[in-house]
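Each chain gets a letter, A, B, C, D, E, F and G, in the order it is written, and its residues are counted from 1.
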Amino acid sequence: MQGQAQQQAYDRGITIFSPDGRLYQVEYAREAVKRGTASIGVRTPEGVVLAADKRSRSPLMEPTSVEKIHKSDDHIGIASAGHVADARQLIDFARRQSQVNRLRYGEPIGIETLTKEVTDHIQQYTQVGGARPFGVALLIGGVENGTPRLYETDPSGTPYEWKAVSIGADRGDHQAHLEENYSDDLTLEEGIELALETITSTNDEGTSPDGVDVGTISAESEEFVELSNDEIESYLEANDLLATEEDEEPEE
Amino acid sequence: MQGQAQQQAYDRGITIFSPDGRLYQVEYAREAVKRGTASIGVRTPEGVVLAADKRSRSPLMEPTSVEKIHKSDDHIGIASAGHVADARQLIDFARRQSQVNRLRYGEPIGIETLTKEVTDHIQQYTQVGGARPFGVALLIGGVENGTPRLYETDPSGTPYEWKAVSIGADRGDHQAHLEENYSDDLTLEEGIELALETITSTNDEGTSPDGVDVGTISAESEEFVELSNDEIESYLEANDLLATEEDEEPEE
Amino acid sequence: MQGQAQQQAYDRGITIFSPDGRLYQVEYAREAVKRGTASIGVRTPEGVVLAADKRSRSPLMEPTSVEKIHKSDDHIGIASAGHVADARQLIDFARRQSQVNRLRYGEPIGIETLTKEVTDHIQQYTQVGGARPFGVALLIGGVENGTPRLYETDPSGTPYEWKAVSIGADRGDHQAHLEENYSDDLTLEEGIELALETITSTNDEGTSPDGVDVGTISAESEEFVELSNDEIESYLEANDLLATEEDEEPEE
Amino acid sequence: MQGQAQQQAYDRGITIFSPDGRLYQVEYAREAVKRGTASIGVRTPEGVVLAADKRSRSPLMEPTSVEKIHKSDDHIGIASAGHVADARQLIDFARRQSQVNRLRYGEPIGIETLTKEVTDHIQQYTQVGGARPFGVALLIGGVENGTPRLYETDPSGTPYEWKAVSIGADRGDHQAHLEENYSDDLTLEEGIELALETITSTNDEGTSPDGVDVGTISAESEEFVELSNDEIESYLEANDLLATEEDEEPEE
Amino acid sequence: MQGQAQQQAYDRGITIFSPDGRLYQVEYAREAVKRGTASIGVRTPEGVVLAADKRSRSPLMEPTSVEKIHKSDDHIGIASAGHVADARQLIDFARRQSQVNRLRYGEPIGIETLTKEVTDHIQQYTQVGGARPFGVALLIGGVENGTPRLYETDPSGTPYEWKAVSIGADRGDHQAHLEENYSDDLTLEEGIELALETITSTNDEGTSPDGVDVGTISAESEEFVELSNDEIESYLEANDLLATEEDEEPEE
Amino acid sequence: MQGQAQQQAYDRGITIFSPDGRLYQVEYAREAVKRGTASIGVRTPEGVVLAADKRSRSPLMEPTSVEKIHKSDDHIGIASAGHVADARQLIDFARRQSQVNRLRYGEPIGIETLTKEVTDHIQQYTQVGGARPFGVALLIGGVENGTPRLYETDPSGTPYEWKAVSIGADRGDHQAHLEENYSDDLTLEEGIELALETITSTNDEGTSPDGVDVGTISAESEEFVELSNDEIESYLEANDLLATEEDEEPEE
Amino acid sequence: MQGQAQQQAYDRGITIFSPDGRLYQVEYAREAVKRGTASIGVRTPEGVVLAADKRSRSPLMEPTSVEKIHKSDDHIGIASAGHVADARQLIDFARRQSQVNRLRYGEPIGIETLTKEVTDHIQQYTQVGGARPFGVALLIGGVENGTPRLYETDPSGTPYEWKAVSIGADRGDHQAHLEENYSDDLTLEEGIELALETITSTNDEGTSPDGVDVGTISAESEEFVELSNDEIESYLEANDLLATEEDEEPEE
């Protein structure tokens, strides 16, 4: 009977409080985030690193089509974990907000400002009926007036600022790895290495260049750039993280 | 009681998260896709092949009326699997988006752009209440600046890019057949053969020309063309895939 | 408990997917079609025949008031099976679409075009909440540029093109009879005979002229005409299908 | 459990299909019709007769306030059976449609046209959510270009044309009485007698003039007229149908 | 289980048909009428009498604040029984309709016309979702062209015309008393006496002037007037209906 | 099972009739009124007294922030009992209606007029879906053309006029106390004393000036004034109602 | 069964009355407040102190990103406890109201005025359907014409004014500590000390400067200022409240 009642409790499509003050639909949306492969963010004085696990489910699927890191504005990148189609909606929303800011104020949007516009949007879907919450978490990284910033949005619509953070599958292990290995004086390159190490730490077979996306926003250039497959391969090789690819997909 | 609760869980008409972070209505819509006959897409350097199993349920039904492959724009074809009436809605949507793009920008729409407009449309039906998700998957194939592209849309609204893919019934067997036989240097003709082989691989009686639709978009012409029954028959015959038609429907 | 759950599953008034990917409200609407008396369509090179079983429930009911075949445009007739009041709505919709086409393009609407506008309309009632699906199937027959066309619309909003088809009660037996007796070179008169034979094949007492409607659209005239009672009686008599009317209703 | 499930099935307020293709709310609305006292329609070559059983529930109630026969237009009368307040809505709708027709086309509305506008209105209440079906059946009688016409509308929104028909309580017995006694060459007076006989056939105590309304539309005058109490009394007396009124209500 | 199902059946907030064709919410609203104290209407050739039982629940409550008889227009009074706040809504509606009639046509509204506008308004609340029916019955009395008229509206939206009628608590006993004692040639004063007798007939302790409201519309003046406490006391005293007031509320 | 059914009966959020004609949501809202501390109204020939129990739940809470008596217009005060936030909505509504009246007619609103506008507003929340009833009762006191008036509004939207009344907790005991001690010739000061006595009658520890609000509208000035703490203390002391404050909150 | 019924009672998404007059969704929202870390407000003659416990969940999370105290206007600060994303909505609402007041009246908004605008906004979410209540409590502190004011808003939309108050976790213990230690003649510095002592009173490990936010609005400057980490550390050290930070997060 417990099971039935619980199931009835979540199938109404509206997010309301349980007797102990919890919002179950939001908590279930957090489970949807955990079902997604991980994304990692690392903030260093030299810039922000975003890295995403995108191990392909089939050798015939184009690795580039599994998008986990997106450019939101020249100086902002966004990584996601969770429901892919939901992520696309929020990233489109973030891009529109970035454009609106440039049009209205003639300057790039602030990282915190953008994050809060996104989280306000997310919150609405947890309070007003007729829709479900977004089943996705985002990492919003960027550089604002030379200062690197790294934010997380969760399905409740709460913004968090981080030095280094993991979202999605294996968050517990990843976050422990980050806490142990993070230091405040990392170079951007060391940040990339920490992110790749963290992703690989929960994958015995190592990481292939096709199985990960890496983007950075350096404090100097204030520009979001994605690493090429070759660059990623170099980092993986140099740090002994590279997967042995013998039984991999056909080469293009 | 379990059964009742489960049944109640899906009959609300709004797509929400289960305690483990899943969207059941979307997963049930994926089942609707599996109930449809298969469509296959194969991308070769020379162009994209779309092929669809459309075995008729009655000898008196016009084979041409079971539409599974549609022209969306001069350079784009779409194949579907799943709920036929839903497919028609999405294909109409795709056609309108293609026209709007030509009107607004004076140029043909990109394959990825179109795919993402379609998947955003699909996603809305999974988050906002008052409607059910679309019970159909699409293969969107086309050529953009000389480059063949092949995308899949699923009922969650996620876009995937593929080298070769099967949707609908027998996806498991078909995809295995594709993975075993695909190579990156197929000619367009070999792509057609691979697609027809894959469809026939799960059909002991072979394939009749009336029971399959084949369309291609060649990298050179950038034009969607459907193969005639005779052309299909030649391919089937040459590859020993042709059904023995003795007890077939009356000829026209 | 099973029964209760099932009953709850269908009494929500919104069409959603079941765990195995089915749309129960649409399938129940198909049952409503089966509860209606049969309509038959036969396409011949010389034109399309529509015939409908309309056996009256009472000798005092005007046989003409049980409308099962309707003129949609000069060159298009529509027969229905299922919920009569729903059929009227769809036929009104078809007539309006026909008129709009003439006004907008100055020419008669195509048979396939009209069919698809009708099925798109039907599909909307299966996806968006706040209404039930239409409980009726239609046969849309007509001649377009000299070519006879015969389409079926079902409650899911799927269009099918047929050479010969039966909708409503006894579809199984009727369709078997059609498949056995249809040939591609029927004359229009032979088409009428085949349709009347098919209807009578499941009625031991024969068919009375009042109990059936017949309409044709000949390829030559491209005009929908309904057969008079006398004409129908001749066909029935000539083919030994005429009911013995001794205990029939009072003559007018 | 069956009872509970059934009760849950009908208390949703939206009309949807059951697994066997039935619309329960419409069938329950038909029960509401059966709960109403009977109305009878008889069509003769000389005109249409409408008669309604309106036995009063209290001697202090004004018999004229139990309206069961209404003038819809000069040439059209409407009798009802079932939910009285619903009947008033439909009759108001019919009157407005009649007026609109006169304004728009400068001529009286056709009987069939009016009937179909009413049934289309009724059908809407069975398909679109947010309201219940109309719990009433109507008899619409009139004369059009000298031809008497008699239609029935039922709660599903289906129009039927009749020579003679009964709606409401005792429909089975009444219809059997009509079928036995109707002939196509009745005079209008014989039609009135048949209607009064039919009503009285299920009432052992006979009929009082206050307990019945009679209206006619003669083919010659094309005008709806209601019979006076005296005229009704004459008919009842002449046909030995008059109730013995000894313990009746106080005279005015 | 029966109890639960029944309770579920009425707590949906929309008025729909039960399997036997009944509208339970309307029937429950009729129960709300029975819970209210009685109102009596008596029509005489000299005018209409409205009387209402308004026994106060507390000696400190102002008897005038328990309004049960209201002036709707110069020539129309309305008495109510049932849910007081609902009555106020309908009476406001009636007043607005009266004013609109004077503005639009320059003449006082007819009693039957007003009644039917009110009952149409009531009916809407029984058919369209999103609201509950009105839990009140009204007696609408007035004089039209010198003729006294007395109508009842019930929660289904059905209008009834009466010579004399009781609504609310004890309707059965009151109506029996009216039927026994009513005659068509009552004077207006005798009508007042009959109304007061009827109310007192179910109250052993007699009636106090504060416990009843009486209003009349005389055929001559065509004006609604309310009787003063002194006038009521005279009538009560003369007819031996006066309550012995020893333990009554403090005098003002 | 009874418990479950009952709970289901009230958790629908729409106010409908139960089988015995009751509106449970309105009755539950009356329970919310009883959960609030009491407010007392006393009407004397010299003016109206409103008094409210506002015992603070914490010594650090500002007693002035527990508002129970409000000025609605110069000549009108309103006291409340029940859900505080709901009371604020109704009082805002009353203030707006007062202002509108002054703007539209250039004169202060009547007490009865205002009360009925408030109760009509309350009634709407009990009939139309999408909101719950107001969980608050109001006492509306004022002077109109020199005459003191005192009204109560309850959650059903019914207005009552009183000589003296209590709403909220202990209504039974308070009302009995009022009935025993009220007389029609109280002075305004005696009215204040009666109100304070009534509140203290159910509080063994006496009343502190901070624990009660008192407002008056004198017939002479026609102005709403609130008594100061010192004035209240004098009344309490003179009537031996003052709480012994030794262990009271810190003085400001 | 009790459990199931209870769970069903709260999962409807609309706030309605229970049989004992309670609004469960509001009470559950109060539980959400208790799940949040505490915020403390202390009013002194020299100004208002707001302090918030913001112990970080991870050493890598930026302490500044856990915002619990916000500037609403120059002279107003707001602290929150409960659902963080909801708090952001209300604080945005408060800021907009502050700006509107300055634009419309050219002067800063009053503290009570702002509080009541916020609580009216909160109340709407508890009465009208389609949304859940806000799961957050606010402390609104400010100085108005030299007078310090401190208000609390709760999820029901009730405003309370306080001398000193705690919201969120440990409210019981905190409020007891405040009641014991508060006096009306605190200096602003003593107010800061009392707030920090109260927060630390339920935390054995002491408080770190990063784990608490403190803001003040002094009566003299009428300006909201946030204390720096160094200032907070001085207060903590001076009052022996400082956490021993040996195993703390890496320094920036």
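Keep in mind that, in the parts below, a residue touches a chain if its C-beta (ideal position, glycine included) is under 8 Å from a C-beta of that chain, and two chains touch if they have at least 3 such contacts.
Just so it is clear, the structure is predicted and the values come from calculations on it, not from any experiment.
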Lowest number of touching-chain links that must be crossed from subunit B to subunit G: 2
Separation of subunit B from subunit E, taking each centre as the mean of its C-alpha atoms, in whole Å: 69
Quick check: how many Å separate the C-alpha centres of subunit A and subunit G? 31
Express in whole angstrom the distance between the two chain centres, defined as the mean CA positions of subunit A and subunit F. 55
Give the residues of subunit B that touch two or more other chains, as numbers and ranges in rising order. 1, 4, 6, 8, 12, 129-130
In graph terms, with chains as vertices and touches as edges, which category applies: line, ring, star, complete, or other? ring
Following the ring of touching chains from subunit C through subunit D, in what sequence do all chains appear? C, D, E, F, G, A, B
Across the complex, what residues on subunit F touch subunit E? 1-2, 4-6, 8-9, 12, 14-23, 116, 119-120, 122-123, 126-130, 151, 156-165, 175, 178-179, 182-184
Complex contacts: residues of subunit F adjacent to subunit G: 1, 3-4, 6-8, 10-13, 24-25, 28-35, 58-62, 64-66, 83-86, 88-89, 92, 125, 129-135, 250-252
